[in-house]
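Structures given as structure tokens follow.
The two complexes that follow have chain A in common; it is paired with chain B in the first and with chain C in the second.
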Partner chain A sequence: MAENPTEMKPGLFDRLMRIDRRVIFIFISVALIVPLFFNISQRIQVSPEVQMLNDAMNKVPDGGLVLFAMDYDPPSAPELQPMAVAAFKVALAKKFKMVIIGLWPQGPMQANMAFETATHDPRFKDVKLTYGVDYVNLGFQSGNEAVIQKMGSDIPTTFPRDYAGTPVDQLPLMKGIKNLGNFDFMVNISAGYPGTREWVQFGADRFGLKMVSGSTAVQTTEMSPYVGKQLLGLMGGMRGAAEFEQVSGYPGRAIKFMVGQSVAHVIVIVFIVIGNIAYFATRKRKGA
Partner chain B sequence: MRREIPTAIAFFVGIICIIQFFIPHRPFGTLVDVFSDWFGIVAAFAIWLGALNLLKVSLERSLSKKKTHDRWYGLVVAASFFLIFIIGMFMSGGDQFQVPGSRFDYLYVNIYTPLSSTMFALLAFFVASASYRAFRARSWEATLLLIAAFFVMLGRAPVGDQLTGFMPEGYRLSEVANWIMTYPQVAGQRAIMIGIALGVASASLRLILGLERSYLGGE
Partner chain C sequence: MWMDHPGWVLFGTWVAALFTLGIATFLYKDNPVYKFCEAVFVGISAGYWFVSYFWQTLLPKLGYPFYAGVKTVFVGPAEWGWLVLLIPGTLGMMMLLRLVPKAGWIARWPLAFIVGYTAGLRLITFLQSNAMTQLQNSVQPVVRYNESGQFLGWESFNILLVTVGTFAGLFYFFFSQEHKGVFGRVARVGTWFLMITFGAAFGYTVMGRMSLLIGRLDFLLADWLHLIR
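This part shows the complex of A and B:
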């Protein structure tokens, strides 16, 4: 078939305007995978929100009673699991008594995984923990913010059994814990609804719960207005996790993953710049 | 009566919940605790309803005569549902099914977790591709968004500070990104939140007073 002589052959900028998405996928794959094989370290500037979070956790007296609400599931785990691990490590170092719950069905299991990773840190090899005395996992409870509301008045009836089916009155740590007012502090790791927003509205505001939060990057912008009063600190996304690992002195996976994130961000920006140059070049030509 | 009774329940429960916020004593506090329990029970049934509905839709798809990929997807969902249900309910020690080391926990850690993380990780690729296509300086507002995105994306990764390490403190990319996130972003978010809160308050009042009945179906 003969070519239409009136049709213009696409120029360089036209092609740059329509880069196949598979090309972008390949670049991003390489950017994310290759850094995993190298031990590159990057200096991470700690943001004021994460510094505040670390300071708030350190202000809790050693042996304090801390509530860990794990409101996330495996899809968000790459961002949130490092936060949970680092928070548990701080808790182990400060010998906090830990009560773990989840408003997401998968939360308590994620907490188990994070707790196990934290306890395997060689720095805590001499720490002897007894389930029911030093920590408990009360599992998942359905009801979203209604659960928080109920915890404000009566925790044993909200969580009558732990995640393994043991009645809470048989757990020594739970003796004397009546409601949210009994906790010295709370760490919430959140991937959405129900999560930090509900804990702020129904826990921190209502019952004066001192809390900090770790949330996914996309959710951070919604949580940052609470920082200062309702939230005593905030970790946002993997960057927040890396900052917390750094400032708490427990470097982990998030710091390692930051290299890949750096390269991936640069690649995305390069593609955006290319797209804009091509856009203006073709617009000018069309205008002419 | 199918409309009047649910409307009356919504009115009674809504009013008690509002009063309890200001007077957290008996009988209001006790009543709200009871309502919270009921809500938990209804929510637990809703989870079951959702799971069973997913199973129904998946089975219908897998038994459909249409030769599409959906048949296989439906079959995979139904088979996974039964697998995890049977192992969780009957082969993982009853109440102990979530305890590390149980069969259910093994499936959760080794199958569910990596599969879910993989699905979510795909977002990174689509976001990258979508950013390239969508972030064009077509207008003044789009240019502003583009500039903010440029600073935040670079500033939220350590590479931003490496590129601007020579700059005086306060002008490095991470600090510029923090400034954008702390001031213009928070100001915008607060405005949105206040707007949403007003909207929620008015929608809740309409529900409590029975002016909004769409949740009952129809109207």
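This part shows the complex of A and C:
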């Protein structure tokens, strides 16, 4: 077929406007994969929210009673598991007595994995922990915010048995724990509902629980307004996890992953800029 | 446990890796492999949640206490507190009537109970935590000094920004007056603050999705292929 002489040849900007999304996928994949092969790290600037979180945890007296509410599941683990591991390492260093629960069915299992990773850190090889005395995992309890509400008045009836089915009255650590008021501090790792918002509304505001949170990046902007009096610190997404690893002195997977994350973000920004330049250039030409 | 046997762990890792790759094929284009992986995922998720709710909610909250209560009536000494379980049990069964077309309307009653309960519970907590407490936190002196009386410029600027953003944002959501003149200009500033907030939320979402991708890539390269540590 003969070429139409009036048809304009597509220019560079036209081609950029029609760039195949798979090209972007390749760029992003390369940006994320390549840094994983190299032992490189980047400087992590600690945000005030994470600094506050670390300070709040360090203010808890050694051996204090701390509640860990792990409200997430495996899909959110890449972001949240490093937070949980670092938080447990701080807890081990400060010899906290730990009570672990979950308002998500898989939360206590994730907590067990994070706890195991933390205890395998060579710095804690001399730490001897006894289940039921130094820490307990009370498992999952359904009921969402109603569980928190009930914990405010009576924990043993809310969690009558632990993760393994042992009655709580047979666990020495649980003796004397009546309600949320008995805890010195709380760490919540949250991927959504029920999570940080419910703990703030029912635990912190209603029962005066001093708490910090690690949340997925997606919900960080929704949790930020609580930071201050309601939430004593906040880690948002993988970046927040990396900051906490940095400031707490326990570098882990989040710091390692942040290099790829940063490179990928630069690529996204570059594509946004290119896309906008191409858009305005082609619009101007069409308008002319 | 049998699940901890190295053979099963290896098998599980391979299955997870192949399904990850199967789902990732969608990035190229829609295809039967992706459809298969998606269907398996949806099916397994539905099954998992059904089993989870059955064993972790229905039986411990209703089944076991009900059985134990009924047993006391026959074995003694009789206790009658379990009778209260008839209320949630009946409401639950009424909910299931949605599956029966002619009796589907009955399901509205337990639904009304859930809506009423949730609204009552949430109204108070949101009013307390998201309105009153945050209002209290927002009302702060704009000019800040430290304990030794030194002016804190950055903190003061931050609080000023929060104050301006809060006021302008509230102006934007004031719909009983047309957004014109000074009112309109302040509302426009509110729009900018909202846009920045949405932008920050979108940025965090991108970071979240990247993190999930990094998690999967790490699994493939470390746990499956052992190419990295």
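In the analysis below, the second predicted complex is superposed on the first by the 279 of 288 C-alpha atoms of A that agree within 3 Å, B and C clash if a C-alpha of one lies under 4 Å from a C-alpha of the other, contacts with A are read in each partner's own complex, and residues count from 1 in each chain.
Criterion: a contact is a pair of C-beta atoms (placed from the backbone, for glycine too) under 8 Å apart; a residue touches a chain by one contact, two chains touch by 3 or more.
What you see is a predicted model, and the numbers here were worked out from it, not measured in a lab.
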* Clash or fit, chain B versus chain C on superposed chain A -> clash
* Between chain B and chain C, pick out the one touching the greater number of residues of chain A. => B
* Asked: So, A:His120: does it touch chain B (first), chain C (second), both, or neither?
  -> neither
* Asked: Taking the superposition as given, does A:Gln230 touch the first partner, chain B, the second, chain C, both, or neither?
  -> second
* Contacts of A:Tyr163 with chain B and chain C, given as first, second, both or neither -> first
* Asked: Given the touch rule stated above, what does A:Ala77 touch, chain B (first), chain C (second), both, or neither?
  -> both
* Check whether A:Arg15 is in contact with chain B, with chain C, with both or with neither, and answer first, second, both or neither. => neither
* Asked: After lining up the shared chain so the two structures overlap, which partner does A:Gln42 touch, if you call chain B first and chain C second: first, second, both or neither?
  -> first
* Determine, under the contact definition given at the top, whether A:Thr221 touches first (chain B), second (chain C), both, or neither. => both
* Counting only touches as set out at the top, which of chain B and chain C does A:Ile33 meet: first, second, both, neither? -> second
* Go through the superposed model and pick first if A:Phe202 touches only chain B, second if only chain C, both, or neither. => second
* Asked: What stretch of chain C clashes with chain B when the complexes are fitted on chain A: 43-51, 79-87, 133-141 or 169-177?
  -> 43-51
* To do: Name the residues of chain A shared by its contacts with chain B and its contacts with chain C.
  => 25, 28-29, 32, 75-78, 105, 142, 146, 217, 220-222, 225, 237, 239, 261, 264-265, 268
* Structure fact -> The residues of chain C that touch chain A in their complex are 27-28, 52-53, 56-57, 61, 121, 125-126, 128-130, 133-134, 137, 197, 200-201, 204-208, 210-218, 221, 227-228
* Asked: How about chain A: which of its residues touch chain B in the complex?
  -> 19, 21, 24-25, 27-29, 32, 42-45, 47-48, 73-78, 105-106, 108-109, 112-113, 116, 139, 141-144, 146-147, 149-150, 153-154, 157-158, 161, 163-165, 217, 220-222, 224-225, 237, 239, 242, 258-259, 261-269, 271-272, 274-276, 279-280
* Please name which positions on chain B make contact with chain A in the complex. => 29, 32-33, 35-37, 39-40, 43-44, 46-47, 94-96, 98-100, 105, 108-109, 112-114, 116-117, 119-121, 124-125, 127-129, 131-133, 135-138, 146, 149-150, 153-154, 156-159, 161-162, 172, 174-175, 178, 181-182, 185-186, 189-190, 193
* In the complex formed with chain C, which residues of chain A make contact? -> 22, 25, 28-29, 32-33, 36-37, 75-79, 105, 140, 142, 145-146, 200-202, 205-206, 216-218, 220-222, 225-226, 228-230, 236-239, 253, 257, 260-261, 264-265, 268
